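Listed below are the structures to be examined.
Across the two complexes that follow, subunit A remains constant while its partner is subunit B and subsequently subunit C.
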Partner chain A sequence: MYQFLKNLDRRWIFLSMLLAVAIPILSRIVFPEVVSKQAKMVFDAVESLPEGSNILLSYDFDPASEGELLPMAQAFTRHCSVKGHKQYYMALWPLGSPMVDKSLDTIRSEYPDLEYGIDYMKFDYKAGGEAVIRMITTDLRGMFPLDSQGVSLDEIPMTKNIKNIQDMDLIINVSAGDPGTKQWVQFASTPFGITTVSGCTGVQAPQMYPYIPKQLAGVLGAIKAAAEYEAAIDESYPEIAANPKAQEAKRRMGPQLVAHGLMVGLIIIGNCIYYVGRKRGDV
Partner chain B sequence: MKRLVPLIIAICAGFVLIIANFIPYAQNWGSTAQEWFNILAVGAMVLGGGNLIKLHLMKVSAKNKGWGYSVVTIGCFFATLIIGLSKMGVHPNPIYPDYAWSGYYLEEGSGLWWIYEHMVVPLTSMMFAMLAFYVATAAFRAFRAKNTEATLLLVTAGIVLLGRTYAGVWLFGWLPESMEWLRFDNLTVWIMDIPNTAGTRAITIGIALGVVATSLRILLGVDRSYLGQD
Partner chain C sequence: MESGTVSLSWSRTIGLWLAAIFTLFILSFLVGDNPAYKFAEAMVVGTSAGYVMVIGLWDVFVPNLLGKLAPGLVQSFALPGIEGTHQEFWWLYFIPAILIVMLLFQLMPSGGWISRWPIAFFIGITAGYRMIGYVEADLVAQIKAGIVPLIEFNGDGGFALWPTVNAFLLTIATLSAMVYFFFSIEHKGLVGKTARVGIWFLMITFGASFGYTVMGRIALLAARLEFLFGKWLHFIPSQLDFSILANLDWILLIQFM
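Our next item is the complex of A and B:
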């Protein structure tokens, strides 16, 4: 047994990881979620605002992180839509713009009463990263004279009175790296006191915790927090709970549970081999 | 001159931004500098593209190992550039019907949209997904409790791995209310809130002090390494 495990071909590990992910996906296992303090803080930040509040949603991620972050972004979109907030979308990553489009598609298909230009709108991608944030904190039109469809901001009902992003009641940033949450905290949230919440990858989350609660009103870290956020929305809005498309993060927690269990199992087996080997003088 | 002019530009831009940050009267100077920066950022993208082509063309002409990949890179670069710039398959914006190129560059069904949906999305997602397989083999072969520090790290990783799933609740659901803090999900929250935040904060403050020191060296012209060797 020891010799078998010591010389185990890595392809068996690849196969076990494939099964650990594939079986829960195919069997559609969904586990219950307990809403954590962080998810509740983010939920409350959106929920506590009165209807019609201005919310800037910056989706700073690309397809590489789509699996981890898109369910979170969609949950933000649904929550803002059901609350009747005015949603201003933008992206600091070149490939972030299509991520925003997916949220706009969600609004169009699930909230047909909401109108482009009145309830939601989109700024197109602009190069510059943090410089874009710095600019729009004082002069929105200097950076974005037009929306993504080429219409002047002065002709769009929901932007004609917006001078800069200090007019926003909340910034929601979904981020997979730089530019992302850190830059929003440094150049928008902290200097101008704009309430900001973040949804980020699991790798990034530990770096965001020191900003809570003054510079960030809450952080959703990875798909687990997205599932908790979905659970929080479901508790308050039964119509969203009944929508299977709005349970995507919860559905992705099944593969995560089995894969994490496999990882812990592999670490334990690996260490057992190490200790037996050391005892036998093999190491 | 080759080094002096960029040095003066960098020092002036740096001081303008500092002054604009602290003196309200000079706030507009900062905005103007930001506008210049954004124009330069676009220029940098062109420079980046040019550099990519130069390096790969050199690799192809020298027939270095893997030069075939460079041919693919150059081909994909130009194909994407031409399809994107010409807005192939994009319909004119209904607001400006007379302008052929006024449509949205990623319009559904357009050439660039096809590249994005059928090449960029699957390729980047695949690269990220493959990490799971490599981390799994690394977990089996490399994560060893060789000493106290490594053991602490492994135990913490195990708690967080399970605590970030429903297993954290399910495994220790039998614990009485007074001992619920021992549940892996609660321990994960504690690890993230206390030791992680303390460590990250210390690192962040250290980095910030380092950035201040380096910025001062650049602003005063002491550190000129960013200008290159020649």
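Our next item is the complex of A and C:
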């Protein structure tokens, strides 16, 4: 047994991981989620604002992180839409712009009463990362003279009275790296006190928690927190709970459970092989 | 080809098949390096670079530089929404324009040294920008956030156990981790023991990061498999009711183990 496990081709491990993820997907098992304190903080940050509040949503991720971050981005969109907030979308990553388009598609298909330019709008991608953030904290038009459709901000009802992002009631940043949440904290939330929440990849999450609660009003770390956020929205809005498209993160927690179980098993087996090998003098 | 309200879209169908085939090409690396993987990798790099270049041109270069230097011209041929007149101090935009030209000298066989000036400028600006951000948000604000009362009380004045434990843990973890990175003194005696405690806290942090990273990677794999089994192969039924499973408490327990 020891020799068999020691010489096991790693491709068997890949295959077992593939099955661990694929079987829950094919069986469509959805597990219940308990809303954690962190997810509740993010939910409350959006929920507590009065209808018509200005919310800036910056999608700083690309298709490489879509599987992990798009469910929470879509959850933010649905939550802001159902609350009637004014949504200003932007992206600090060049490939973040198509991700924003997916949220705009969601608004158009699920909330047809919302109008572009009145309830939501989109800024195009701008290069510069933190320099963009720093500039729009004082002068929005200096960086974005036009929206993504080439219309002057003075002609768009929801932007004509916006001078800079200090006029925003909340910043929601969905982040996969640099530029991302860290830059929003450094150049918007800390110096100007703009309330900010973050939805970020698992890799980033441990670096973001120290910013809570003063510099960040809440953090959604990876798909687990996204599923909890969906659950929090479902509890308050039954119409969203009835929408299967709005359960994407919860659906992805099934594969997580099985794959994490496999991972724990593999780590234990790997350590056992190591200790047996050391005892036998193989290591 | 049309049937009722549903119509066949060739562009979407071809796109769907290309996405599925390229996903399989990339996953084939798990079996071993192969030409299909190399091909897909090159396609990703090439298309991403092309996309970023076009986006950079039309979203940044044209509106934010050309639109400032020659607003009338840009308004007439590219962006009718912008103002057709010069803004105040518009001539300042000649400085980034000159820096861009200098940067292009890097492509010349001789005169590459000219490109070092704009590079030095960008590095200086970036370093300055970042330093301000880090000092304000990561140094001063974090020191402030780290200074907490060690004994916590509830709203009614009673002793709050867990917040107090949290405050102690925060203080011990911060100080011991900092001592670990203090290499000017040999890690012996009290300093060595404190540094060892710091290592434990660091290891726990790395473990949490690893767990989060695994979660992220599995989410990405799940998303691709959902695409392959769902949109491409239609193996996943559009709706199934597993609400009965959602009521089983044992599943909840396993999930939180």
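In the analysis below, the second predicted complex is superposed on the first by the 283 of 283 C-alpha atoms of A that agree within 3 Å, B and C clash if a C-alpha of one lies under 4 Å from a C-alpha of the other, contacts with A are read in each partner's own complex, and residues count from 1 in each chain.
Note that in this section a residue touches a chain if its C-beta (ideal position, glycine included) is under 8 Å from a C-beta of that chain, and two chains touch if they have at least 3 such contacts.
Nothing here was measured: the structure is a model prediction, and the numbers come from that model.
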Subunit B versus subunit C as contact partner of A:205, first or second or both or neither: both
Which superposed partner A:143 touches (first subunit B, second subunit C, both, neither): both
Partner chain(s) touched by A:257 [first = subunit B, second = subunit C, both, neither]: both
Partner chain in contact with A:67 - subunit B first, subunit C second, else both or neither: both
Partner chain(s) touched by A:186 [first = subunit B, second = subunit C, both, neither]: second
Subunit B versus subunit C as contact partner of A:276, first or second or both or neither: neither
First (subunit B), second (subunit C), both or neither touched by A:41: neither
Touched partner set for A:222, first subunit B, second subunit C, both or neither: both
Touched partner set for A:151, first subunit B, second subunit C, both or neither: both
Shared subunit A contacts, counted only where both subunit B and subunit C touch the same residue: 14, 17-18, 21, 31-32, 34, 64-67, 95, 97, 126-127, 131, 134, 143, 149-151, 202, 205-206, 210, 221-222, 224, 253, 256-257, 259-260, 263
Residue ranges of subunit C in contact with subunit A within the complex: 30-31, 48, 51-52, 55-56, 59-60, 63-64, 67, 79-83, 125, 129-130, 133-134, 136-138, 141-142, 144-145, 205, 208-209, 211-216, 218-226, 229, 235-240, 242, 245-247, 251-252, 254-256
For the subunit A and subunit B complex, residues of the former touching the latter: 8, 10, 13-14, 16-18, 21, 31-34, 36-38, 62-67, 95, 97-98, 101, 126-129, 131-132, 134-135, 138-139, 142-143, 148-151, 202, 205-207, 209-210, 221-222, 224, 253, 256-257, 259-264, 266-267, 269-271, 274
Complex contact set, residues of subunit B against subunit A: 27, 30-31, 34-35, 37-38, 41-42, 45, 93, 95-96, 102, 104, 106, 116, 120-121, 124-125, 127-129, 132-133, 135-137, 139-146, 154, 157-158, 161-162, 164-167, 169-170, 185, 189, 192-193, 196-197, 200-201, 204
Of subunit A, residues touching subunit C in the complex: 11, 14, 17-18, 21-22, 25-26, 28-32, 34, 64-68, 70, 94-95, 97, 124-127, 130-131, 134, 143, 145-146, 149-152, 155, 183, 185-187, 189-191, 201-203, 205-206, 210-211, 214-215, 221-224, 244, 251-253, 255-257, 259-260, 263
